[in-house]
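Consider the two complexes below, in which subunit A is the common component and subunit B and subunit C are the respective partners.
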Partner chain A sequence: MSNEALLPTSSGAERPKTFREFVSAVFKNVYVLYTISIISFLLLWDAASVLNLLGKFLPRPMEVVYQLYDMFLNPLAGKTLLEHLWFSLRRVLIAFAIAVAIGVPIGLSMGFSKYVHAIVKPVFDLFKPMPPIAWISLAILWFGIGETSKIFIIVIGAIVPCIINSYNGIRLVDPELYDCIRMLGGNKRQEVIEVTFPAAFPAIFAGIQISLSMAWTTVLAAELVGAREGMGFIIITGMNVSKPAMIIGGMVVIALTAWAISVAVTHLERWVCPWKTKLE
Partner chain B sequence: MENKAGVKKPKIECTNISKFFGEGQERIHVLDTIDLSVKENEFVVILGPGQSGKSTLLKIIAGLYKPSTGHAYLDGKEISQPGPDRGIVFQRYTLFPWKTVMGNVEMGPKLQGMPRKQRRELAGHYINLVGLNGFEKAYPHQLSGGMKQRVGIARAYANNPKVMLLDEPFGQLDAQTRYFMEQETVRIWETEKRTVIFVTNNIEEAVYLGDRIVVLEGKLPGKMKKIYDVNLPRPRDYTDPDFLELRHRITEETELTL
Partner chain C sequence: MSDKQSTSSKVALKILPYLSILSVLGIWQLLVVTGVVPNTLLATPVQVVKLFFYKIGHADPDGAVLIVHVLVSIGEALTGYLLALLIGIPLGLLMGWFVLAEGLARPIFEMIRPIPPVAWIPLAIFWFGIGLTGKAFIIWASGMVPCVINSFVGVRMTNPVYIRMARTYGASDWEIFTKICVPSALPMVFGGLQVALAASWTALVAAELIAADAGLGFLITMGRRLLMPDMIVLGMVMVGITGVIIGVIIDRVEKRLVAGVRR
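Our next item is the complex of A and B:
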């Protein structure tokens, strides 16, 4: 909502008197500017396509829409667009659940105990910078090209932010909050329940959020190899059959899904952490 | 104002307290041989500039720090750890941001295992006392600085502590709010008397609030410099000639430059 005040409007309460004022009011509305931005992008894209600026493999925006519509109705490799999307989403959700179930406890125990931290940290630091895609070959050798190897790769990608954020969440609790709860008569157990967990919760939740978007990014990489369904499969198929509209269509659906997930998670966060201010 | 009720045994007694932080070369001498005794229901202000160890002294009485030498006693028993018989109010408020005003104030009784209905009633009483009725369901981030500190005071009171420890509680407030909170502090204290130890770096605040003012030396290690009895009637007036005279005297004699 506050976006609307991005540009100063000519005193919102008064109605514009002249045509000039009306036009200037319209162009100061941020949503109008958003629309202009998207339309000009599509126009530039269309022009680039019509003028063959990138060779013959840049479809016009309308062709992408037709392609999406076609895939929505007619199965590709036996499945419609929504079914492909569902396969990808299912992999993401399973792997994400596994990553949270393993990663958060690891991070928490690292935060609670410096012994656990000292034992886990060197190994974790070694694995942390490895891009999850680097595991693909090994995963296929270990688990074959079925679901297990894909989920394994996604878990590898999604688990890192869970561990890091849970650990930091515990470690960065304001020490004065502990002083406070101890002065109020809290024992060790009450310190953990009443301070550590609630204070660390926003950081842990942020980690889970990052983890989910990591999972969504990694699923595509996992599906680029040996998948027979999913959004990654659509993109690879588009390349194999030289249909750039299919590739771009897949990319658009992926972006929209990622956006929908992030909106949903933000709402979830407002519901579970009502104490967090909007600006944070 | 000397204690009206006559002779009383000391509520808080500090004997020969020194405090060092760190080891070897890094060692910092923060407090040097502090002797202090505070009577029941007395309002004692510990006055000193920044870096005079006054907050450290308060935290030793709170039991959050252990003294390097010497002892602190509450009712004749040595203070060795934090506990609900001392209520503390922090300069940075340090409220639980995930708890409402009610949730913050009832925390102490909740930790002692008081049943929900009873502790809600108790917390409600203290929320009223500090003038926050109607804000029970607000979260700390929705409150102004002055209101946050009222929550801090109510939270400390709700445990029915023997001693209230306030660590520069109004240091972050603007001047107007600060005056108002000082008046409120006196009002609350007169409604529900407690032994109070109040740390500040503000001479005017000290003279307005204290029965006694303990002045600490202006640089580390903190030493007791002087103790003043404030015999002005309450409610005090910031512009009363006697008030101003005492304020001036403290400034002159202790060479506090704040």
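Our next item is the complex of A and C:
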């Protein structure tokens, strides 16, 4: 590769004079490289599949598209692709709402009172290192393989970032802000409403964001272990009937959904706490 | 607040954590002993400890002693984790500094990044089987993402003054990269290691739940199949403890390696 200037300091490009300079300018354009990258990725994938590099379990990219189209129109186990997606999303949303409703108040009260912190923190530390997926066997034993056990597991996964971030959000509020409001004669109630909440909100919201993506990961894990519908069910079915195109199709939809969720949450954040950029 | 009050509240704050843990364990034990929760659904802490000591020396009923399960899990986790470090960190560092590396690797990375690691499990089993390779692949996939992102961001956050100064003194791009960008990215990279560890450990347990013949996740699954809640809880506790221990070790290594860079 050419060792020309690369970081922003020297990226101000001059007008190319010779053909060689023109070529090297083209290859330094990020968008050209992006296009090359995506096209060569798809071509390599196709080649790997045609040449059987990974055995017969790597479908060609077009087969995945066909499979997706097929699942979109024809029901699999009684439900079309969108219905499966909806089932997974519904679980995520229910569990996420429960996790936020329980986790944020716990985190907040830990941040406000050191007594609550002294009581809750050790128990929380005891349970935190166990991955939510490790709860799955116990959940199945307790609640059967129905909705309850899945929602239980997702709540366990999603509640951790809610608690941690709400707690840290309250704890890490800039002390100068408190000094200011006290100097201006604010009472305790005003301190909480005018300073603590607005200052802690971006951190709390970040926790909620992490918890939503945790929920999406956990629902897949829960559905892989036992479910009759949902995106996890699609990829595990693809495994059971030896249809790798179905697995990769499912993964594509999962990735798109995860991406859509994160974009939606980022926009929501700008709308709900516009002062965040000012604070950082 | 008077002195007396503050000392008594200090004592209370010291005692409360222990009290809270003890009461959780006590309530748990009581719930099962009094039969509010049937013993078939939940094991008491005492039973779990008993099983722990039993499993140290006995292979039944799941086919291996406890230490074997732990070692199998750690072996799988470390293989995938080290691969993720070896590939992910250099890739992220290069992507942070060289336009060519970023342009070529970024789109593919952005396509793969939103896929939760658990979703790779069926493909990994297809491609590499349920042995070490398949699980190492899943761990690798889940550990890669934080490694790449943190190394990338670490390089991008390099103080531009250093770079300009090096340029003024005639350093080549490669020299700037190795002597300035990489060292200044190290703390960020180590932050990524902890995140990657948590992600890998979760993915490993998921992989072992779905297909395995040994390991801590397998222990949990066997506990469910044999209807032994004490074995499930033992598996969960061991997963938690092992994860914490690995995390502490990485933390120690970090403090040693980064010590010379930051101070």
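In the analysis below, the second predicted complex is superposed on the first by the 245 of 280 C-alpha atoms of A that agree within 3 Å, B and C clash if a C-alpha of one lies under 4 Å from a C-alpha of the other, contacts with A are read in each partner's own complex, and residues count from 1 in each chain.
One rule holds in what follows: a residue touches a chain if its C-beta (ideal position, glycine included) is under 8 Å from a C-beta of that chain, and two chains touch if they have at least 3 such contacts.
Just so we're clear, the structure is a prediction, and the values are computed from it rather than from any experiment.
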| item | value |
| --- | --- |
| Superposition on subunit A - do subunit B and subunit C clash or fit | fit |
| Which of subunit B and subunit C A:L177 touches, first, second, both or neither | first |
| Partner chain in contact with A:Q190 - subunit B first, subunit C second, else both or neither | first |
| Greater subunit A contact set [subunit C / subunit B] | C |
| Which of subunit B and subunit C A:I133 touches, first, second, both or neither | second |
| Partner chain(s) touched by A:G111 [first = subunit B, second = subunit C, both, neither] | neither |
| Contacts of A:G230 with subunit B and subunit C, given as first, second, both or neither | neither |
| Touching partner for A:G207 - first (subunit B), second (subunit C), both, neither | neither |
| Touched partner set for A:L141, first subunit B, second subunit C, both or neither | second |
| After the two structures are overlaid on chain A, angle v-u-w for subunit B, subunit A, subunit C in degrees (C-alpha centres, nearest 10) | 90 |
| Minimum C-alpha spacing, chains overlaid - subunit B and subunit C, in Å | 13 |
| Subunit C-contacting residues of subunit A that also contact subunit B | none |
| Footprint of subunit C on subunit A - complex, ascending | 1, 3-10, 27-30, 32-34, 36-38, 41, 54-55, 57-58, 114-115, 118-123, 126-138, 140-142, 216-217, 220-221, 224-225, 232, 235-236, 238-239, 242, 244, 247-248, 250-251, 254-256, 258-259, 262 |
| Of all residues in subunit C, those that touch subunit A in their complex | 12-13, 16-21, 24, 41-42, 97-100, 102-108, 111-112, 114-123, 125-127, 160, 163-164, 167, 172-174, 201-202, 205-206, 209-210, 217, 220-221, 223-224, 227, 229, 232-233, 235-237, 239-241, 243-244, 247 |
| Partner subunit A, residues of subunit B touching it in the complex | 62-64, 81-84, 86-88, 90, 92, 94, 96-99, 107-108, 111-112, 139-141, 155, 159 |
| Subunit A residues within the subunit B interface of the complex | 174, 176-177, 179-187, 190, 194-195, 198-199, 201, 273-277 |
